[in-house]
Amino acid sequence: MIHSIVWLKHECTVQTVEGRRNWGILERLNAGEVVIGDGGFVIALEKRGYVKAGPWTPEATVTHPEAVRQLHREFLRAGANVMQTFTFYASDDKLENRGQSLKYTGAQINEAACDLAKEVASEGDALVAGGVCQTPSYLSCKSETEVKAIFKKQMEVFIKKNVDFLIAEYFEHVEEAEWAVQVLKTGGKPVAASMCIGPEGDMHGVSPAECAVRLVKAGAQIIGVNCHFDPMTCVQAVKMMKAGVEKAGLKAHYMVQPLAYHTPDCNCQGFIDLPEFPFALEPRILTRWDMHKYAREAYKVGIRFIGGCCGFEPYHIRAVAEELAPERGIMPPGSEKHGMWGSALEMHTKPWVRARSRREYWENVMPASGRPKCPSLSTPECWGVTKGHADLLQHKEATSTQEMKHVLEMQKKAKSSA
Amino acid sequence: MIHSIVWLKHECTVQTVEGRRNWGILERLNAGEVVIGDGGFVIALEKRGYVKAGPWTPEATVTHPEAVRQLHREFLRAGANVMQTFTFYASDDKLENRGQSLKYTGAQINEAACDLAKEVASEGDALVAGGVCQTPSYLSCKSETEVKAIFKKQMEVFIKKNVDFLIAEYFEHVEEAEWAVQVLKTGGKPVAASMCIGPEGDMHGVSPAECAVRLVKAGAQIIGVNCHFDPMTCVQAVKMMKAGVEKAGLKAHYMVQPLAYHTPDCNCQGFIDLPEFPFALEPRILTRWDMHKYAREAYKVGIRFIGGCCGFEPYHIRAVAEELAPERGIMPPGSEKHGMWGSALEMHTKPWVRARSRREYWENVMPASGRPKCPSLSTPECWGVTKGHADLLQHKEATSTQEMKHVLEMQKKAKSSA
Amino acid sequence: MIHSIVWLKHECTVQTVEGRRNWGILERLNAGEVVIGDGGFVIALEKRGYVKAGPWTPEATVTHPEAVRQLHREFLRAGANVMQTFTFYASDDKLENRGQSLKYTGAQINEAACDLAKEVASEGDALVAGGVCQTPSYLSCKSETEVKAIFKKQMEVFIKKNVDFLIAEYFEHVEEAEWAVQVLKTGGKPVAASMCIGPEGDMHGVSPAECAVRLVKAGAQIIGVNCHFDPMTCVQAVKMMKAGVEKAGLKAHYMVQPLAYHTPDCNCQGFIDLPEFPFALEPRILTRWDMHKYAREAYKVGIRFIGGCCGFEPYHIRAVAEELAPERGIMPPGSEKHGMWGSALEMHTKPWVRARSRREYWENVMPASGRPKCPSLSTPECWGVTKGHADLLQHKEATSTQEMKHVLEMQKKAKSSA
Amino acid sequence: MIHSIVWLKHECTVQTVEGRRNWGILERLNAGEVVIGDGGFVIALEKRGYVKAGPWTPEATVTHPEAVRQLHREFLRAGANVMQTFTFYASDDKLENRGQSLKYTGAQINEAACDLAKEVASEGDALVAGGVCQTPSYLSCKSETEVKAIFKKQMEVFIKKNVDFLIAEYFEHVEEAEWAVQVLKTGGKPVAASMCIGPEGDMHGVSPAECAVRLVKAGAQIIGVNCHFDPMTCVQAVKMMKAGVEKAGLKAHYMVQPLAYHTPDCNCQGFIDLPEFPFALEPRILTRWDMHKYAREAYKVGIRFIGGCCGFEPYHIRAVAEELAPERGIMPPGSEKHGMWGSALEMHTKPWVRARSRREYWENVMPASGRPKCPSLSTPECWGVTKGHADLLQHKEATSTQEMKHVLEMQKKAKSSA
C-alpha cells in the first residue's frame, strides 16, 4: 500500500509507483485507491479554438494533435490517472450529422486519439481509457443492431490500440447505455458506464438506482454519471445508484465526472436546457475551492474514480487531487506551481493579498458575479421532448430554414409559458 | 489596402498579406489598421498548471516551453497580431522576491520567451513585442538609477533577439512608467506604454490624462492601459488619456488590454483589491458576447491596438477579432471552429439549442451565476497604501510569521470598517 | 357598501348580497363561493408600532383599539370576508412567557378582540372568526388536559361573544392541532384547522396528507395551512392535504393563508429559520402581481378560503380579490382606489410611467433588490430541535444570561456547519 | 405621553418637555435639537387602500379621515416631531388632471388635512407643517403668475388654520421651488424648501449647491431634499447643498426626507425611472437597520430635520428616532413595543431566534431577496424629457388612445437602446 507517504512542503514522493505501474483500473479500485479522472476536452478545446460548438466533434486529434496532446499533459500534471481518448462524438453517424462534412473518418479520428492519449499516459502514472458515447442513431430511433454496430466500430480501434479499459459515457437513456456496455464487454477489457443523468433519472424517467442495476447486469464493473449537472448533484445521483446496486445485492465500483458549472436551477436534462448553454456559462464556473468540497463529498459517498467533464480546466483537477492528497499519499506534479489553500500568496506584492494565503479565507469567500443586472438562477427551457419525438430526429442534411423556423416558434412558446 | 475582402461562409482570405508582412506596429497603426493583441499569459498558464499564483513569474518559458508555445499558437489562431514575450515579472529583483528561489536568471527566462514568441509569430501574421513591467525595486523606493538598470537588462535581451517593438506595461505609478519608456527608447524600437490604471488615475492620484501626456513626452508612440479593470472601464480610461493627449496638442496611438473579468465594484487599485482575487474570480469572467461589445466600444473610441490581459482565453480574443472582421476584412484562423454569433449551433443535437443559433439570442442573454447565496458585487479591500508605505516594501526573504500576523490584523481592521 | 359590479363574461352567479347576508362560512363554501380571508395582524401592527416582536402578543386590542380597528377596516375594504379576531398568542401561558408581564388577562384581550372584529365585520360582507393557536404549554410538554384547558378558556370567550366560526391555526404539530379542534368542536360552531407547515409536513415529520386526514377526523370542516411559507409553497402543501383527504374517502373545504414573503430557501420550519427573520425580511415581500399568481393558483387547486398571514398588507388582499373578481362577480370596495393591472397609471404625470399602465408590463417585471452586495437566497438555520428538546421548553422567567450564552454558542455551531 | 428616558452616557441636554412645548421649528433647530420628520403618506396610504396610484391625490383627508388620522398617530408614536398636512398634489390643477373628477375642491382637502394634522400633533410633541409641492401647471409651461396663484390658494388655507410652519417640497425644478418659497414667505411663517433631486441636480441640470443658494436667497430658512432617492444618496445631495450655502457665505438649516427604497441604480430623475416604479418596489424596501445607518449619517453631515418620504412606514421613523435617542435624550413612545437592536427577541419561542437579540447580528445581516431569478440592479428608463418637452404637458382630459400608443412606442424605443 502507498499510504505511508510524506510530503515535505510541496515535494512529495510516492514510494511504490514502480510497483503499481502495471496495475489496471480494477486493481487500483479493488485496492481502495482513489483514481483521479481527467477533465472534459470538448469545452476546454472549444475555448482554445479547436472544437466547434454545435457539432462538438473531435477531429482536432487529426488536425491539431499538439493542442490535444498539450491538454492531456496538463491534466496528467494536474494529477489525472486516466487519459480518456478524445473520441467524444467520434462515430461516423455523428461526424456527418446536420450538414457537417469532415474530411476524416471516425476510425482516423479514433486512432489518432488513442495515440495521443497513450503517448501522454506513458509520461506519468496514468491509464488510457477508450470512450464511446450516445449516438444520433439512437435518438433517431435506429435499431439495436444499427446502434450496436456503431459502438463496435469504435471499440475495434480501441482494442487494436490496446487501451487499458473502456468507458461508455454520456448516455441520456439507459437502454442505449446497456447496448454500449454489451458491445464493449466483447472487447475483453474492463468496462465503465457513465450516464449524463441527475437524481431524476434518465430521459424516460428510469431512476438512477434502476439505471445502475441495469448497467451492472449488462456487465459494467464501474458505474456512475458524468456531465449535465454540477458536482454535488452528480455525487447525489451516484449515491442513489450505489444504494440501488447495494439494495439489489450487486457489486460495483463508482465514478463521477461532473460539470465545472453550478447548476442548481436545472431540471432533468441538465445544463443543455439552461438559457446560457453553451456560450454564456462563465458565471457558473466553479472555483478551485468548490472543487475541494466536491472531492471530499465524492470520497465520503464512496466514489473512488473522481474526475471531471465540461468546464473543467487543469486547475480544477489539481484541486481534486490536492484535496485527496492525504488519502492518496501523493501530491500532483502540477502542485509545484500551487500553494495548497493559496499559501503561495505569501509571495504576493501587495500585503492585503498576502493576508489571503490561508484556508479560512478561501473556504469562506462568497464570490460576486460582478453582474448586478443578471439574476442568480435561470429558468431552464423545458420542451419535454426526447427520443421518440419528431424534433429529436437527427439527419445528415443541414438544418433547413423551415426547421429553424419551427424551433424558433417552439422557443417562443416555451418562453411564454415559463 | 486590404479592405476589399470577402468571406464566404467561414473561409476568408486576406488578399495582401504578403504586402503587409514586413510592416511593423507603427506602419500598421499609421495605416489605420486594427491590431489585435493577445491575451494574458499569467492567469491562463496558472490555470493550466505552469505559473504559481503569488510570485506570478514566467519561468515556464524555460521549464515548460511547449505549454507557452501552445498558448501563443492559440492566440495567433484566435486572430492576435502581436505575440508578447512571456516576460512578465522576469526581472531579477522579482525572481528573488519573498523567498522565491528560482534556478533560472532573468536573462535565461527572457531569452527563452523571445525564442518562443518569435517561433510562433513566424507561423502567422504577427509581430513580437518584448515586455517589461513594474518592479519590486520601485515599490521599495530604490533609486531611479537602480530601477532603470533593471529595465535596461531586460531590454538588452529583446534587442539582441531583435523583437519588433517594446511594451512597458502594468505600471501603477506613472513615474516608474516614464523611467521604463526612457530606457526602452534607447533600444531604437517603437515603444508602447500601458498602465494598469482606471479612470481614477495612478496610485498617487495622477489622472489618466496627465499620465498620458507624460508618457508621450517620455517618448512612447503608443499609450494605453492594461489589466486591473474590466474592458469598458479600461476603454473609458484610454478615452481620458486620448483627450489629454489631444488637449496637449500631442499625438499618439492607443492601446487597451483589459481584464476578462467584470469589475464594476473596484476602486482605484482594480481587481487586486477584490476579495475574490486571485482564486475566486470565476463568476466575473466575460462571455464572448461581452467581448463583442468591448471590441466595438474600443474601436469607436479610436483605439486601434485592442487585446486582452488576465482572464482572457483564446476564444475571447477570437470574439474581438470576429467583431472587428468587417473593419479588418479578415476572419481569424480559429473561426473555422466557430460560427459567428453561435450560428454553428444549427448543428446541435437538441432542437432548443438549435433555436439559439442567432445573434438576437446571445446579445440579450443575461447569464445567471448559479450561485444564489453569493452577492453580485463585492466590497473591495481598501488599505490605502502604495509606494512609500512600509507595508509595500518588498524583500528577498520569505514573508515572516511576524509579517503575516501584521497583515492579518490589517485585514481584520479593513473589514470591520468596510 | 358593496359594489354591485357584474362581470358579464364570466356569468356572475353570486346571490344577491341581501340573500347572502345570513350565510355562514359553510353555506358560502358549500355554494362554491370564494371566501377572501384577511391578512396577518401581528407583523402589520408591529410595523405600525403596536406589537412587540419577540413575544408577539395582541394586547393592542385593549391598549390601542383604534389601531386594530383601522387594520380590520382596511382588510374589509380590500375585500376580506373574514375578520379574524386579533387573538394570536392570547393565551395566559403565552402572555406570561419569558419575563413578559402584561397588565391584561387573556380573557380581557380576547373579549376586546371579538368586539373589534364584530364591529368592523358589521360594516361589510364579512364573518367573524375566533382564533386559537399553538401554545407554549405544548412545546413544554404539558399534558393533553392542561393544553386543552387553555384552548377551552379562549373558546369560551368566542362563544360568549357569538363569533361566526372558529379557527385553530398556526400549529407546527398535528397532535396539538387535533387537541385544539377537539376542544373547539364543543362550541357548536364550524371549525377550521390550519397548520403552519409546508410540503415536508409537521415538526415530527407527519406528512401534509396525514395531518389533513387526522384534522378532518378530529372534526374540522375546513383545513389548510397558514404562515411559515410563501404562497406557492403553501398552496402546494394544501394540495397534498386535499389529495390525502380524497384518498381517504373523506370530505373537507380548504383554506390557505400564506406569508407575503418569498421563501424558496426555507426548510421544514419555514421563515422562522431564515437569518432575516423577523427584522430583515423586506426584500422578500411579494408584490401585488405575485398575489395575482397566488390567487389564481390557489383557486385552480380547489381552495376556496383564500387569505393571508404575516407580511400581508391590505393591498395584497385586494390583489387576491381583484384576481378572483371574475369568479366572485364582485370587486372589493378598495378597488375604487386602484386601477386593475395598474391602469390608473394613465393619470401619472410622467409619460414613461403612463406607459406602464397595462397588464403585460407588470406581469413580466422582474423586480431588482437594489442590494447588489446581498445574496438572493439565504441558508436557513437548522438546529433540528422541536417539541421534546430541552431548548424548546418555555418558561415564565426572563431568558437568563446563561441561557443566552447557550443559544449564542448553538448559533455559532450551526453557522460553522452550514 | 412622552418617555422621560435619560441617557446618562451621552449627557442628555434636552430642555424639559414643558419648556419646549411652545417652541417652533426654528427655535428647535437653532437650539441644536434633532427634529424627527414623519414618513410619506402617499405610498403608505396607497398600500392601505386610500390613495390611487397614478393621480396620487389626497382626497382621503375628506373621504376617510380615520385612516389619515391613524397614520399621523403612528408616526407621532414612532417619534415624529412634525405632522405634515396630507396635502400632496392637493392643488386644483392636479385634482383635475388627466380625467380625474373628484367631488372635493383643493380647499376642502387642504382644510381637512390641517384639522387632522393639528388634532394628532396636539396629542404629543409635534408641530404642524403645511405643505405644497410641484404643479402640473409648471410642467405645462404656465406663467409664473398662474403657478404662484396655485401656491397662494393652498397657503391661505394653512394660514387660516394656523399651522406652525410651511414646507415647499418635491420640486424637480429649482425655478418652481423658488416661486413656491416666494409665495409661502408672504404667510409670515417659517419656510422650508425641499427638492426631489439627487447629487446630479435638478431636471435642468442645476447643481444641488446652486439650488440651495437660490432657495436660501428666495427666503427659505430650512432647505434640503425629499423623495426620489435612497437615504444615503439624499444625504449626499444635502451635503452638497450645505457646502454650496456655506461657500456662498449664507446660513440655513438642513432637512432630509428620503425614500425607504434602495436606489443605487437610479439616474437623475430617481425612482420614477426605475422599471419597478410604483408597483414592484418591494424588494428595495429598507430594513430598520438600514435606517439606523441613515440617521447616523444624516446627523454626522449636520442635518437636523431628519424624516422620511415614500416607502417609510412608522417603524422606519421609529428606527431613526432610536438611533438618535442618545443625542435627543428621549426614546419615541412606540419603542415600548420595540427592543432596541432586537433585544425583545429574548422572549421569542425559538431558541435560534432568541440568539438574534443583539446588535452585532442585525448590523451585519445581508438580507436575501428570495428572488433568485431577479437581478439586483435595474436599468432605469431614461427618456430624457422634462419641462418644456411636449410629452410632459399635462391636461384635464383623460389620456387618449393615441397618446397611449405614443408612450408605448417611446417605451419600446427606450428599452431597445438600453
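Going in written order, the chains are labelled A, B, C and D, and every chain counts its residues from 1.
By our rule, a residue touches a chain if its C-beta (ideal position, glycine included) is under 8 Å from a C-beta of that chain, and two chains touch if they have at least 3 such contacts.
These numbers come from a predicted model, not from an experiment.
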Pair sharing more residue contacts (C-beta pairs) when B-C is set against C-D: C-D
Chain whose Cα centroid lies at the greatest distance from that of chain B: C
Between chain A and chain D, centroid-to-centroid distance (C-alpha), Å: 58
Distance between the centres, which are taken as Cα means, of chain C and chain A, whole angstrom: 48
Intercentroid distance (Cα basis), chain C paired with chain B, Å: 58
Whole-Å gap separating chain C and chain D, where each centre is the average of the chain's CA atoms: 32
In chain A, residues with contacts to at least two other chains: 265, 366, 368, 372-378
Interfacial residue positions of chain B with respect to chain A in the complex: 46-56, 66-67, 70, 73-74, 77-78, 97-100, 136, 139, 230, 261-265, 272-289, 313-315, 318, 334, 336-339, 342, 344-357, 362, 365-378, 381, 383, 385, 391-392, 394, 398-399, 403-404, 406-408, 410-411, 414
Chain C to chain A touching residues, read off their complex: 366, 368, 372-373, 375-377
